[in-house]
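In the two complexes below, subunit A is the common chain; its partner is subunit B in one and subunit C in the other.
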Partner chain A sequence: MQILEILISGITQGAVYCVVAVGLSLVYGASRILNFAHGSLYSLGGFLAWYLVVGGPGLPLWLAFLLILPVLALTGVVIERAIIRPLRGSDNWKINTIMVTLGLAFIIENGLQLVFGPGTRTIPPFVEGSLSIGGITITWYKLSIFVISLALVGTLELFLSSTRYGQAVRAVSQDMQGANQVGINVNQVFSTTFALSVVLTGVAGILLAPVFLVSPLGGWAPFLKAFVIVVLGGLGSTKGAFVAAFILAVLEAFVIFYIGPSWAMPAWLLMLIIVLMVRPKGLFGVWEN
Partner chain B sequence: MSAKINATLAKIPSVFTGTGLKRDSMVYWAVVAGLALLGGLIGDSYVHHILILVFIWCIVIASWDLILGYAGIFNYAQLVFFTFGAYGSAMLSIYAGLTPLLAIAAAAGIGAVIGLIVAVPSLRLKGEYVALFTFAVHLALPPLIQQGKAIGMGGNTGLLGIPWLNLFGYQVSSIDKLTWYWVALAFGAVCVYLIYFIVLRGRMGLAFIAMRDADTFAQAIGVNEYKYKMLAFVVSAMFTAVAGGLYAHYTSVVTPKVLGTEFFLMAMVMLAIGGMGRFPGAVLGVFIVVIGNELLRSFDDYRLLLLGIAVVLTVIFLPNGVAGLFAKRK
Partner chain C sequence: MLEVEGINAFYGDFHVLHDASLRVGKGELVAVVGANGHGKSTLLKAICGLTPVKSGQIRFDGSDIARCKTPHLVGQGLVYVAEDRRLFPDMTVLENLQLGAYLSGARAQEAQNLDRIFTLYPRLAERRKQLCRSLSGGEAQMVALGRGLMSNPSLLAIDEPSLGLAPNLTEMMLKTVSQLNKDGLTVLIVEQSLALLQGMIDRVYSIEEGIVRETNADNMQEVL
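After this line comes the complex of A and B, so read on.
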């Protein structure tokens, strides 16, 4: 019974990690940029929600969601336009994008710290109570974020596979020059993927705010976790990220239960090393490196 | 074939082919001598303190420049090497009673080993994967230091009362800023000279640049990629650990704060503003940033934010740093 409970906790957690990971993978797939600010944008989502629901006007969470989504999308577009695009095609493009996204991560972190102070925050969950079946208990909140996360990832997959726009994103991922030649607006694809990516990670930050706490520096853990998931799943593969998120989150749940929560992060790093050593392509990787 | 190599060599500025080494060295040591004199003329111990930090940082940034700018390996574990140097040297002198100079020498050895340990997994990876892996090592270290309280690493409060440097029987206390100024300058000048003039102008440096700019060609003419990348890690980590040891004995305190955001950001800004792989860019970057950071002291709340903004702006508008302003070559 206990094992089943750990398993369930891992699976619900995994769905949210998957949302963060898919966002990271989407941008990397389309523009080959590893966004080091992805975790800070996760914190940004959490803080915006905290402000609207708890700290400021006291809105209901669903309304806060509706207000935050366009802000996150706009943030993504602005980041892409203002600091990523000017670097494209420059001499040391790769190292420069690493530098600016790391710099951006520190800007967001310290900005959040300045505005909201260094402490941790939490948001009350939007549903209380828990469901118990046959001795296994799971809170309604965890169940609902599980469903929301699955819906998000599913919608994204549907968008990528069956809309014309999603096909453009996939075309750019596979061959940027080719996509450009057949008339796809590559810049627009970059902006869109960036916007979607920020929305995804920000939403994950909001969903997990009641479970974990939100803090200005708290984005590095989800970022590293997302990266491990993306590497295990195979870069650019939504399906891979989906499977990997569940495997790794369940492993994490077992580590936390049997060894202790302070070992969760070292365990993720160990998994990262093992994955990179054993299968750098990932489970479903189509990655050329 | 050799004609082709010679043609390639002709395109590389003299900095990398060893010509003009004597002339450049003389200029370098003249500047160092000037700084040594300047130290005697400055009466303000606060200014001494700032410049001591500059000299220690110079070693760290020159080492980082070696691996990131010259060898083109996206290593972000530089402060990990610094931390091991600082803790290693501090613990050896506190617990084993080693004389600080010997402890710093031992720290260099520790740094080399840590460099090797970080290098082995990193060398199987490419590009941004190296960046992420090494940065993950950086992020994982503070919790490990807390766990290390059991073996005398002092946990969150760090290590206090690290012995002062002992030069030929003379105790150099942290208050004796003028002596420290010369000690730090001597260490900094020698390390920076070894990095830029001996290592990078020698066979190793040529191999680094060849791998960075044309790795397939480099391999075709027989550059052993694995060996030289490994050496880049080891040499870079070794010098950085020396800086760490020096820092520990200067401040006589080491805490996990050396892995905090502030130090990491400072290091990034120095390299970004100075310019990577273009001596003396990175070293100039250290001077600009440390002094600039002191001038920003009055905006303490916004300082880290401003440093972050400085990284982004310099990378976008000044992609080759101040070194790029002087260079005509693209």
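After this line comes the complex of A and C, so read on.
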């Protein structure tokens, strides 16, 4: 029974990791940009929600969500347009974009500290109580973030696999010049994927605010985890990120229970090393020319 | 239909195209022939908006397109088929072909064009569900040409379709191109060897160190 409980805890956690990681992978897949500000954008989502729900006007969480989503999407578009696109195609642009997104992470974090102070904040869970089935107990809150996360990732996968625009996103990811040749506006795809990615990480920041708290520097841990997940799953593969998130979250749950929380990250890295030794591109790495 | 006048293009600091000019009339099949590294691919890419043009004019159906981006040109009917095919390797044959009809203009005739391509190449119909990374060179070239046709071109610019293909496959490929031209499609084709194209082209340009010259039927043999 205990094993089942640990498994469930891992799976519910995995769904949220998945949201952060899929966002990171989506942008890498389409535009080969490794966004080091992904974690601070996660914090940004959390702080915006905290302000709207707790610190400021005291809106209900669902309304805060509706207001924050477009802000996050717009933030993604602005970042892509203003600081990434001008660098694209220049010498060493892959390294340069890492540097500028890292710089952006510092700007966002310090901005958050300036506005909200260095302390941690929390949002009350949007549902109380828990569900018990056959001796296993799970809070409604955990269950609902699990369902919301799966719905988000599922919708994204459906969008990528069965809409023409989703097909275009995959096309850009697999061959940018080929995509250009069939008439796909590649820049627009970059902007769209960046917007989607920021929405995903920001939403994860909001969903996890009740358990993990929100702090200006709090985005680094989820970013680092998402990074390991994405590399394990195969850079640029959203499917890989999905599978890897669950594998690693379940591993984490067991390691935390049997060995201790400080061993979770070493266990992840060990897993990563083993997988990369066998499959250097990760589980589902994208094809490179 | 297509008039190129005195274009110059660079690869980094290297001057690749020197005042290159050519024209393609409606319904013609025009070839550009030259050895590797003399700029024939760059010429085609410059026309199709994939390589920036420093100076000169390119007119397509009367409008200047020298500064136009590729997706816009595809919408206008100027479609490019790359020598390295540029397929989407982790998508199926069908998805690759569907993406040829990505723009709304071509979308309207998607089903019709798809039927046409499957009739032309029954093998692609058999392999419609197969990922493009697993195709042979000949099949990949069929998908590349098919994807170009799905874009509903009025002028198809084909870069060295024979590249990497066995002689019998090359012959089959070029026969298809010739047939498409006879059915009314305007084609600009780039090849290394004129011998392959004999009997199917209307006019030929030679390109040497970035300088383009029209070659008439009399000295075609010279080029050969």
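Please note the rule applied: the second predicted complex is superposed on the first by the 268 of 289 C-alpha atoms of A that agree within 3 Å, B and C clash if a C-alpha of one lies under 4 Å from a C-alpha of the other, contacts with A are read in each partner's own complex, and residues count from 1 in each chain.
In this section, a residue touches a chain if its C-beta (ideal position, glycine included) is under 8 Å from a C-beta of that chain, and two chains touch if they have at least 3 such contacts.
Computed from a predicted structure; not experimentally measured.
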Touching partner for A:96 - first (subunit B), second (subunit C), both, neither: first
First, second, both or neither for A:185, with subunit B first and subunit C second: second
First, second, both or neither for A:34, with subunit B first and subunit C second: first
Subunit B versus subunit C as contact partner of A:170, first or second or both or neither: second
First (subunit B), second (subunit C), both or neither touched by A:111: first
Subunit C versus subunit B, contacts on subunit A by residue: B
Complex interface listing, subunit A residues touching subunit C: 164, 167-168, 170-171, 174-175, 177-186, 286-287
Subunit B residues touching subunit A - in the complex, by the definition given at the top: 68, 72, 74, 76, 121, 124-129, 131-133, 135-137, 139-140, 143-144, 261, 265, 268, 272, 276, 301-302, 304-305, 307-312, 315-316, 319-320, 330
Residues of subunit A defined as touching subunit B within the complex: 34, 36, 83, 86-87, 90-92, 94-96, 98-100, 102-107, 109-111, 114, 217, 220, 224, 227, 231, 262, 265-266, 269, 272-273, 276-277, 280, 289
Contact set on subunit C toward subunit A in their complex: 48, 50, 70-71, 74-75, 79-80, 82, 85-91, 95, 98-100, 102-103, 106, 133, 147, 151
